[in-house]
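Labels A, B and C are assigned to the chains in the order they are written; within every chain, residues are numbered from 1.
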Amino acid sequence: MEISIEQVAQLIDGKVDGDGNINVNRLEKIEEATAGSIAFLANPKYTPYLYSTQASAVIVKNDFVAEKEYSTNLIRVEDPYSSFAKLLEAYQQMTAIVKTGVEQPSFQSETSTVGEQVYLGAFSYLGDGAKLGNNVKIYPNTYLGDNVEIGDNTIIYAGVKIYANCKVGANCVIHSGVVIGSDGFGFAPQEDGTYKSIPQTGNVIIEDNVDIGANTTIDCATMGSTIIKSGAKIDNLVQIAHNVEVGKNTAIASQAGLSGSAKIGENCQIGGQAGITGHLTLANRTIIGPQAGVPKTISEEGKVWFGSPIMEHRDFLRMSVTLRNLPNVIQRVKELEKKL
Amino acid sequence: MEISIEQVAQLIDGKVDGDGNINVNRLEKIEEATAGSIAFLANPKYTPYLYSTQASAVIVKNDFVAEKEYSTNLIRVEDPYSSFAKLLEAYQQMTAIVKTGVEQPSFQSETSTVGEQVYLGAFSYLGDGAKLGNNVKIYPNTYLGDNVEIGDNTIIYAGVKIYANCKVGANCVIHSGVVIGSDGFGFAPQEDGTYKSIPQTGNVIIEDNVDIGANTTIDCATMGSTIIKSGAKIDNLVQIAHNVEVGKNTAIASQAGLSGSAKIGENCQIGGQAGITGHLTLANRTIIGPQAGVPKTISEEGKVWFGSPIMEHRDFLRMSVTLRNLPNVIQRVKELEKKL
Amino acid sequence: MEISIEQVAQLIDGKVDGDGNINVNRLEKIEEATAGSIAFLANPKYTPYLYSTQASAVIVKNDFVAEKEYSTNLIRVEDPYSSFAKLLEAYQQMTAIVKTGVEQPSFQSETSTVGEQVYLGAFSYLGDGAKLGNNVKIYPNTYLGDNVEIGDNTIIYAGVKIYANCKVGANCVIHSGVVIGSDGFGFAPQEDGTYKSIPQTGNVIIEDNVDIGANTTIDCATMGSTIIKSGAKIDNLVQIAHNVEVGKNTAIASQAGLSGSAKIGENCQIGGQAGITGHLTLANRTIIGPQAGVPKTISEEGKVWFGSPIMEHRDFLRMSVTLRNLPNVIQRVKELEKKL
């Protein structure tokens, strides 16, 4: 389906700077784009590609000023990334295959219930008392234990495993291989050196609009609930231990780990491979850098922390630079000692 | 089911300090507890909640001395955490749904054998020669390859994958998404820059009383066996490479990684996200901190190590404090140099 | 099956140093080997075992010079590890059980196509338009979404999940629990603090001769393709984000993470638990140490980097040694200040 650059601009409240009559029919990356496509420029790192791109149009920021000649057309908008995302969404909706119906063989307990317009893939399993809302999509090879509840419009991709009694809200996306509700890691050391398991009797509650990436694991609470609040976005291979609480709209990057009973505030960002110790609190809008290690509570809101153990970002940057000079400093101290 | 605080105290060999006649019917966390519940206080961090909790009773240490007024009743015991665990266990046993029988469709090779009181969930797979002991529970969507053996009373949760010839002992708990017996990462570099796979012909042996957390991976040995000894407790998303040996009663926290042929002693503790290099040995009772990196053998038993590369805990703490002052130290060295 | 040491030597172009007439029938590790077995010695760490091994023969390097007496026989070769791998391969081929045929129940869309000599395990799923080449082995509980293509001779182990439109080349090995094609972690922050999903419309392309370890996750591209080039070897629990490109013959160890749009060169080696920031490039033959953190592009080929943030290996070693002395250095600076 072809539409003109002018029509694209109208869809995203943008202004054409160039020829709006040219037709386009697809979205491509600025560094790989070919004639007939629309690209975008949000990260300044990619600015050099603007001057060589073959895209028919590039979405740029309102105040973008070209420093060289270019042969494409511009669509100026307030936020190129969001505008492009909007186009991607329109494109996705046009091309998506919406699955519905029940594929066989699948396993539905007689006491499970299923809403309207549901997709239940082959080899998926609904335990006793499990409840699916309307428009839920359960891809193949998925396991939903007894009494699991899934809210409206939620998508559960292939091979997800959700233990008994856990609840997932509406409009969530749970990617393949995710495990929700496995036992927390709780063992009481005995005098003979062995461990005794602490029974894990709680569940996991995932609120609405939560996304969870592939192969992430979320343990059930020892008592009560491990809670992922609405709007939280969790990447792949993240570990969330028992009784953790993740605040609203908090984003957690891949391979980060949250230990037991950690309480993460709202609108926090946790970097990839970062580790959060148990039984602590992170204030709202805290930002934790990649590979950072957080040993204790952060009470002040909105600060940025790096390193293991963490320090403020500014201190981390200074420390990293000087660390490299350390052998040199020691040499200088030696020389000072000689002189004295 | 309601029982009196006095009856609870008898169950855990405790002494009531307060009114033992009040009835309770559930377990809750001290910071969230409501009237009619029992809570416990083990971690001193949570002491402030004792003075405000709505729990009808709180299990505390024998020698606990209140520093303020409180409105709950106490049950004094030697080890509040263990006592509470005992109650949790009783609670779990009363509420647990024990699965038995074979759900259909499932796949049982004609040469596989199954003990008494087994649960075999839908879409589970038993390969040729696979053997399940008595009282084994295999949840749905689980794959047990040819000749896999599972000991008595072991629970395998949904979506576990165990490759051919691997053996799991008795009384183990294997959580969803665990992979046991995948190929070790062994490749011989060739002259043209490509790699040639080293065949991985061994297996994995999991002894008795082992717990393995969700989505953990344990590779088979190149030859012989990767071995997890009895009583070991392994958390989620842990990587255990080919030919590793994990000692008795060793605990490994989430996202830790053990490289090929590492030999971990008994009763060790390995922190979350720690990394252990291959072909080394850790002495018994070694404790490795979170995010630590262990580059070489540790021969002395019972020591505590932190950092990457590791240093003794005491040195690590001193180093961490001084690291932040590094830019300041360099400044002071500069000034000393000027003065001379 | 027994063969003589002399016959083994002929298989691997080696020379017998000792008695070639003795028969052997299995492969064992030098430190555990018993009479009747063949072992090998490649890593010098294991040399002491040569003098005590019970193996009937040990494969050693051509120029190996014994420093003590030994009671085994030697087979001298150019590269003991490769020679042993060759024997392992022969052993594996003799003992392997090759699966073929379609187990029931399995799910094959009417529009999917399947080559010759294919194995399709029970509870495996082929979506609309999915295509399997010749000699492909799909183990049980595996999900291949719509239009997924798998090249000749590729092995997909149990419980793999491949999203719609992804492509896997020939001669690949994909281990259990791998997820290919899950959504990239892309969310546009909104003014009210929530996030809006960026549609992920691309796919993943895995070229030929790629090995992927258990529970590794590879996200689809936002647009275009996430690409794993031919001969790449990827270990367990690795995270590969959207739009990443992994170069030919690059090896990535367990639990490493590659952020979005990172471009890794050919014949690189990335250590376990290392983290690579997004939107950067690693030059060919770059080596990244375990637990390292790579914040920016590396342009020079063939260098070795350690630490987080990374520094050259030589600098890292010097820095690590001096780091431990830091408190001592500060003390010395204090004393210098007093003297002045």
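The rule is simple: contacts are C-beta pairs under 8 Å (C-beta built on N, C-alpha and C of every residue); 3 or more make two chains touch, one makes a residue touch a chain.
Small disclaimer: the values here were computed from a predicted structure and weren't measured.
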Same vs different contact residues, chain B with chain C, by half of numbers used: different
Fitted rotation between chain A and its twin chain B in degrees, CA, nearest 5: 120
Inter-chain centre distance, chain B versus chain C - centres from mean C-alpha coordinates, in Å: 26
Of all residues in chain A, the ones touching two or more other chains: 105, 123, 141, 159, 177, 215, 237, 255, 273, 291, 308, 323, 326, 329, 333, 336, 340
Residues on chain A engaged by chain B in the complex (per definition of touch): 105, 107, 123, 125, 141-143, 145-146, 159, 161, 163-164, 177, 179, 182-183, 185-188, 193-199, 201, 215, 217, 219, 222-224, 237, 239, 241, 243, 255, 257, 259, 273, 275, 277, 279, 291, 293, 308-309, 311, 315, 318-319, 322-323, 325-326, 329, 332-333, 336, 339-340
Residue numbers on chain A that touch chain C, as the complex places them: 27-29, 32, 43, 45, 79, 81-82, 85, 88-89, 91-92, 95, 97, 103, 105, 121-123, 139-141, 157-159, 173, 175-177, 209, 211, 213-215, 231, 233, 235-237, 248-249, 251, 253-255, 266-267, 272-273, 290-291, 308, 320, 323-324, 326-327, 329-330, 333, 336-337, 340
